[in-house]
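Input: structures, listed below.
First chain A sits with chain B, and in the next complex the same chain sits with chain C.
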Partner chain A sequence: MTLLTIKGMRVEFPSRRGHVTAVQDLTLDVAPGEILGVVGESGAGKSTIGNAIIGLLEPPGEMTAGEITLQGDRIDTLDEVKMRAVRGARIGMIFQDPLTSLDPLQTVETQLIDTIRENLGVSEREGNERAVALLDAVGIPDPAIRIKQYPHQFSGGMRQRVVIALALCGEPDLIIADEPTTALDVSVQAQILDLMKGLCRDRNVGMILITHDMGVIAETADRVAVMYRGRVVETGTTEQIINHPTHEYTQSLISAVPPPGRRLARFPLVTYIEDAQERPEGLNLETHWLGQSRDYGAASDILLEIENLHMRFVTRGSIFPSKRLFLDAVKDVSLSIKSGEVFGLVGESGSGKSTIARMITGIYKPTSGSIRFAGQEITGLTRKDAAPLRRQMQMIFQDPFSSLNSRMRVKDIIAEPIHFHGLASSNAEAQKIVNDLLDVVGLGAQAAVKFPHEFSGGQRQRISIARALATRPRFLVCDEPTSALDVSIQAQVLNLLKDLQSELDLTMMFISHDLPVIRQMCDRVGVMRHGQLLEVSETESLFTNPQHEYTKHLLDLMPKFTGFGAQAAE
Partner chain B sequence: MIDAPLPRAPRTRIGRFFDSDIWYSFIRSPLVILSAVVSIAFFAAALFAPWVAPHNPFDLASIDLLDSSLPPVWLEDGDTRFLLGTDDQGRDILSTIIYGARISLFVSLAAVFFSMVLGITLGLVSGYVGGRTDAIIMRIADVQLAFPAILIAMLIDGVVRGLLPRDLHGDIAIYVLIFAIGISGWVQYARTVRGSTLVEKNKEYVQAARVIGIGPVIILWRHILPNVTGPVLVIATIHLAIAIITEATLSFLGVGVPPTTPSMGTLIQVGQDYLFSGEWWITIFPGIALAVLVLAINLFGDWLRDALNPKLR
Partner chain C sequence: MISFLIKRLLQSILVMLTVALIAFALFRYVGDPINNMVGQDTTLEERADLRERLGLDDPFFVQFGRFVVNAAQGEFGISYQHRRPVSELIAERAPATLELSLLSAILAIAIGIPMGVYTAIHRDGWLSRAFMSLSLIGISLPTFLIGILLILLFGVILRWLPTFGRGEVVQLGWWSTGFLTWSGIKALIMPAITLALFQMTLIMRLVRAEMLEVLRTDFVKFGRARGLPDRYIHFKTALKNTMVPVITIIGLQLGAIIAFAIITETVFQWPGMGLMFIQAVREVDIPIMAAYLVMIALIFVIINLIVDMLYYVVDPRLRVDRAATGH
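Now for the complex of A and B:
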């Protein structure tokens, strides 16, 4: 017997400018103990399904057609009071961000016991016993002691375990997990997925796992539904979807996932995505203004050299030196980057990768150590003296939504560095360069007069790249340039960066937490943890023969996703 | 995911404005439209006073003592020439209100502008530079907040009065008043702008500008300032209402504009002597005008604050 059945569901969001249909013709079912993965890119309507099932659609959204049945009972027609009895007791929910889904002012104990008693109506003592048992079941050590603590005393992964325990409190038959591991580091992600898998099997609980990450699906789900623009385009067993996808969208989605095992020359072009654009033919970068970046004098072999770099932040200031607290974000790091190579920095959040990038580009002043660019020491230079060097190195940022000034037109954003460094003799010339740059990054010159909010995340990232190229740099720092993007968009942006790197002979520092992406992009890789550089080696030897224990650990945790793409490319 | 193709956003500036959520929210709240109309009527009347006002109350040739102390037109003895009656010297009350609003609004707008420039500048510097500069500016702000604004304005007015010779004072009284009201209001702007600047300066577009090599002054002016002006606009609207009240209060107390110049405050002050002798209209009508103006601006400001705040929409 099926646990949950959705038939012909349609969810609409009425707005001033007509109705937006978030989900249509959706038919799904989940069996007890089964994990159904719902995969799709942002805006595909994945989360809307979860919210519609538990009756918590964000207003003004409403379900306009279809029915939802849970164990034979229709639940989409229940009123708010009856629906509350369904939530918690029969359907549990796990949200993406463990930082915000727990009440910071109450102990874990209070939150668990209240939920248990509300749903099961047991005595205080039994509630307590059950709460401790649940924490034990989700793998929290010393549950009897830790249960007295507040959420901030738990790490991110531990907090997500508490959230899972909370979802299990009412002994639900179905759990909806909405991007449960997206906010977590890789090492923690693997543990949480294992835990959820085990719990579903042991307790015979069905689960709807909503995610954008094919790797998560491959490791966890029994069956998969692929969503595209509010519709399910394909459903099948995980094995079938990953190895033999039939729908064109699923095929491009899977081939866009960077394979961890090999290095591709390019990602196969993802044709099903609408804002996919390749650069128009006929623009030869070698002879163009952009390509004329070789006026830097003799290129030395080593472009960037960092020695004993150290960065210390004050986390608590005080007029008494003994009372100040410090955080050493980068400790004694030395590395060098050769001309023309792509150097990768990999590590989990808080490992100091971005801090290094910001010291190189002059956003932070290092506490001690030296940074030499093309043989010239750049720490301690005044802003004026550093300007010619700043022109030669540019940076691409992680968040496409905050890296562009929303009050400026695209043409002004890209023209700003050109004017600042006096790279164009007239306004008209600057405008011509801006238009060419927009062509180069695949947006087209008509994008110039628009404002950033008129573009999607991937398109904004292209604008960022165009701005970075506008100074004709020879060194480009990319700080997680694709981690905020959907996987198909990521493939396009990575292709673009690869092309530009080889055509403009750029030297690149590529920062990412994503090992498969690093493998696709980099010639050499440095592994960082807690502000220290643990290991530097050629990309291939790092992946095949890691030296440091931590690197081995990271590689073990890397999602082993080899699907349709691997075969298609062979 | 979208059923019918949505109409494309208009390209022109005006078109975009009429298409915006702000305009949509404005056109659907009658109270806000009313308050906007009232405010604009006051501003227009003040700006075009010489053409709008039925009489020029300061043209001695047109004043006739025989017309003095006439009640409003709907009362017995009322005169159709003087809609709201006349004062003891035969000046038309409606005209004095219009001319008074002219002075009041000029003083308040100038004071708000002065506050804004001072507060935004200090707020930007404070937020962006941080450290000791920030601490000093913000402590000054804290100290000033410990005094009521009206007290500070009176203090400044008193100091200037003491320093300058008497005959000079009359000429520059208005500018002293503007300075006094302006100085007493900058803290709000500085605090708000500092807060927004702290948020904006860590955003990546500011870092991108620094990577290009752009200096702090241009970053503040071109990148941060346009992104922190939203809340400033709201504060300015509500501050305008406060400034009008402050001006009226100071003038009423005799430390604002000279009693010979008509402003909302002086009109009410002059008129109150006649309250008990029966000529209540001399002071009540300017009082009502002041209350209506301030209420209208406040309502408009409240709406603007809600409309610009996406969380309340």
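Now for the complex of A and C:
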């Protein structure tokens, strides 16, 4: 017998400019103990399904057609009071971000016990026993002690365990997990997925797992529904979808996931997406930057050299030195990057990758150690002396939404570094350079007069790239440039970066937590953990013959996603 | 926690010293204190003699030091106008102002917070809209106008409430209270409402804005998704999170109620410190002005200290115990 059936669901968001249909003609079912994966890119309507099932659509969204049946009872027509009895007790929900899902001002104990008592109506003592047992079941050590603590005293992975425990409080038969591991590190992600799989099996609970990550689906789901623009384009068993996808969109989506096992010349593009754009032809050096060549000396063999770099942050200040607490974000790191090379830096969150990037580009001042760029020491330089060197290195940030000033037009955003370094003699000249740069990144000059909010995430990242190229740098620092993007967009942006790197002879530092991406992009890779650089080696030998234990561990955890794409490319 | 408190105390002392310096500068440089004390027919020798006896020709820092030591003991000298120690005058007047402020603060909080919560939860209800429109009046009309309108309506036309003074007071030791007599309570009603109205609307609007913000957070949504009832989500989850930023503003507003009771006291001829201050300004009674300045600063500093400690009570994230944080 099926647990949940959705028939012909349609969700609309009325707005002043007509109705936006988020989901249409959706038909799904979940059996007890089964994990149904719902996969798709952002804007495909995945999360809307979860919210619609549990009756918590953001107003003004509403379900305008179809029916939802849970264990034979129709639930989409229930009123608010009856629906509340369904939430928690029959359907549990897990959200993406464990850092914001818990009430920061109440202990885990209060949150758990209150939820249990509201749903099951048991006594205080039984509630307490159940709460401790639940924490134990989700793998939190010393549950009787940890239960007295507040959410901020738990790490991200532990908090997601608490969230799962909370979702299980009412003993639901169905759990909807909306991107439950997206905010977590790879190693934690694997543990949480294992936990969820185990819970579903042991308690015979059905689960709808909503994610954009094919790797997560491949490892967790029994069956998969692929969504594209509010519709399910294909449903099947996981094995079927990954190895023999029939729909064109599924095929291109799967092939866009960078294969961990091999290095490709280019990332396969999701051709099914209409606005997938790639630059028609290569870069024309005659017109790029008004045909000027770079005005700094020829590159030496080693462009960037870092020695014994150390960064210490004060996490608790005190007038007594013995009471102060420090965090050594980067400990004694030495590395060198050759001209024309793409150097990858990989590690989990908090390993100090971004801190190194920020020290190189001068956002942070290192506590000790030296950074030499083109043979010149840059750590002790004054602002004015450093300016010509800073011009030669530019940075691309992770979040395309917060890294562009939303009140400036694109042309002014890109022209800003040109004016700052005094590189153009007139405004008209600067605009010419800007137009050329927009062509180079594949946006076209008509983008110049628009504002950042008129662009999608991938297009914004192209604007960031154009801005970084505006000073004709020879060194680019890319800090997780694609981790906020969908796979299809990621492929476009990474291809663009690869092309530019070879056409403009750029040296690059590429920071990522995503090993398959690192493998595609980089010549050499450094592995970081807890502020230390554990291992540096050629990319291929790192993947085939890792030296350090931690590298082996990371490679083990890497999603072994070798589906349709890998076979198709062979 | 302890080191934080010590740091805050040191900061407070610095603030108080700065205020004391300004108050002292009033004494020293706004007019000649000797001129203010003696009659017109005093000879120059007598003046010089008085100056020396009062220590007014000592170096600046000696005089300032003496002022601070005296102020710390509550001594601000003798009022020019009343010819009595300032400390005595303040002790006499303080109960009136403090009772008025206390009642206003209670009114503002007890009505402002529930109204804020109500308007946040029932965002589009007609009652919310009515509250919001009314609050606009409360926030935009000047205090004295509201006071005068109240006097006109309840004092002159309806003749329900007295229009000035404290009514009968009862002495409890040095404290004189108006809470124990019927006429005292009646006299308190209009000034308290006048003083509370602005703070009430401010608190209401602040609580509403913060609460709407909190109701949009993930943990509220997660609470709903696991079947917690509305009353639990609104009052146990959302309200507590709302209070963290609201406490700061309420604390500052409490100080403002006491400090700026001046206008209300003037309108209602309330025999409190504010009225005394206004009269002191008129008569250039510098010791009273200086004492008032220092006192108000002290009240603000104390309230801020209490607010900082309240944060610790409300927000566990500030009770840093890193040892317990782990994986």
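Convention: the second predicted complex is superposed on the first by the 547 of 570 C-alpha atoms of A that agree within 3 Å, B and C clash if a C-alpha of one lies under 4 Å from a C-alpha of the other, contacts with A are read in each partner's own complex, and residues count from 1 in each chain.
We take it that a residue touches a chain if its C-beta (ideal position, glycine included) is under 8 Å from a C-beta of that chain, and two chains touch if they have at least 3 such contacts.
Small disclaimer: the values here were computed from a predicted structure and weren't measured.
Trainee: Following the overlay on chain A, give me a clash-or-fit verdict for chain B and chain C.
Mentor: When both complexes are placed onto chain A, chain B and chain C end up side by side without any clash.
Trainee: What is the contact status of A:Gly139 with respect to chain B (first) and chain C (second): first, second, both, or neither?
Mentor: neither
Trainee: Have a look at where A:Arg383 lands relative to chain B and chain C in the superposition and call it first, second, both or neither.
Mentor: Only chain B; A:Arg383 stays clear of chain C.
Trainee: So, does A:Gly61 touch the first partner chain B, the second partner chain C, both, or neither?
Mentor: The answer is neither, since A:Gly61 touches no partner chain.
Trainee: Quick one: classify A:Leu166 as touching chain B (first), chain C (second), both or neither.
Mentor: The second partner, chain C, only.
Trainee: Can you report the vertex angle at chain A, computed from the C-alpha centres of the three chains with chain B and chain C as the arms, to the nearest 10 degrees?
Mentor: After superposition on chain A, the angle is 30 degrees.
Trainee: In the overlaid three-chain picture, which partner chain does A:Thr100 touch, first (chain B) or second (chain C), both, or neither?
Mentor: In the superposed model, A:Thr100 contacts chain C only, not chain B.
Trainee: After lining up the shared chain so the two structures overlap, which partner does A:Lys323 touch, if you call chain B first and chain C second: first, second, both or neither?
Mentor: Second partner only.
Trainee: Can you give the closest approach of chain B to chain C, taken over C-alpha atoms and in whole Å, for the superposition?
Mentor: 5
Trainee: What residues on chain A touch chain B, complex-wise?
Mentor: Touch list, chain A to chain B: 16-22, 43, 45, 229-230, 358, 361-363, 383, 386-387, 390-391, 393-395, 397-399, 402-408, 416-417, 420-421, 464, 467, 471.
Trainee: Write out the stretch or stretches of chain A touching chain C in their complex.
Mentor: Contact set of chain A toward chain C: 54, 56, 84-89, 92-93, 95, 97, 100-107, 114-115, 118-119, 149-150, 152-155, 157-158, 163, 166-167, 169-170, 315-316, 318-319, 323, 325.
Trainee: Of all residues in chain C, which touch chain A in the complex?
Mentor: Residue positions touching the partner: 3, 217-219, 221-229, 232, 236-237, 240-241, 244, 314-317, 320-322, 324-327.
Trainee: In the complex formed with chain A, which residues of chain B make contact?
Mentor: 1-4, 6-7, 24, 203-205, 207-215, 222-223, 226-227
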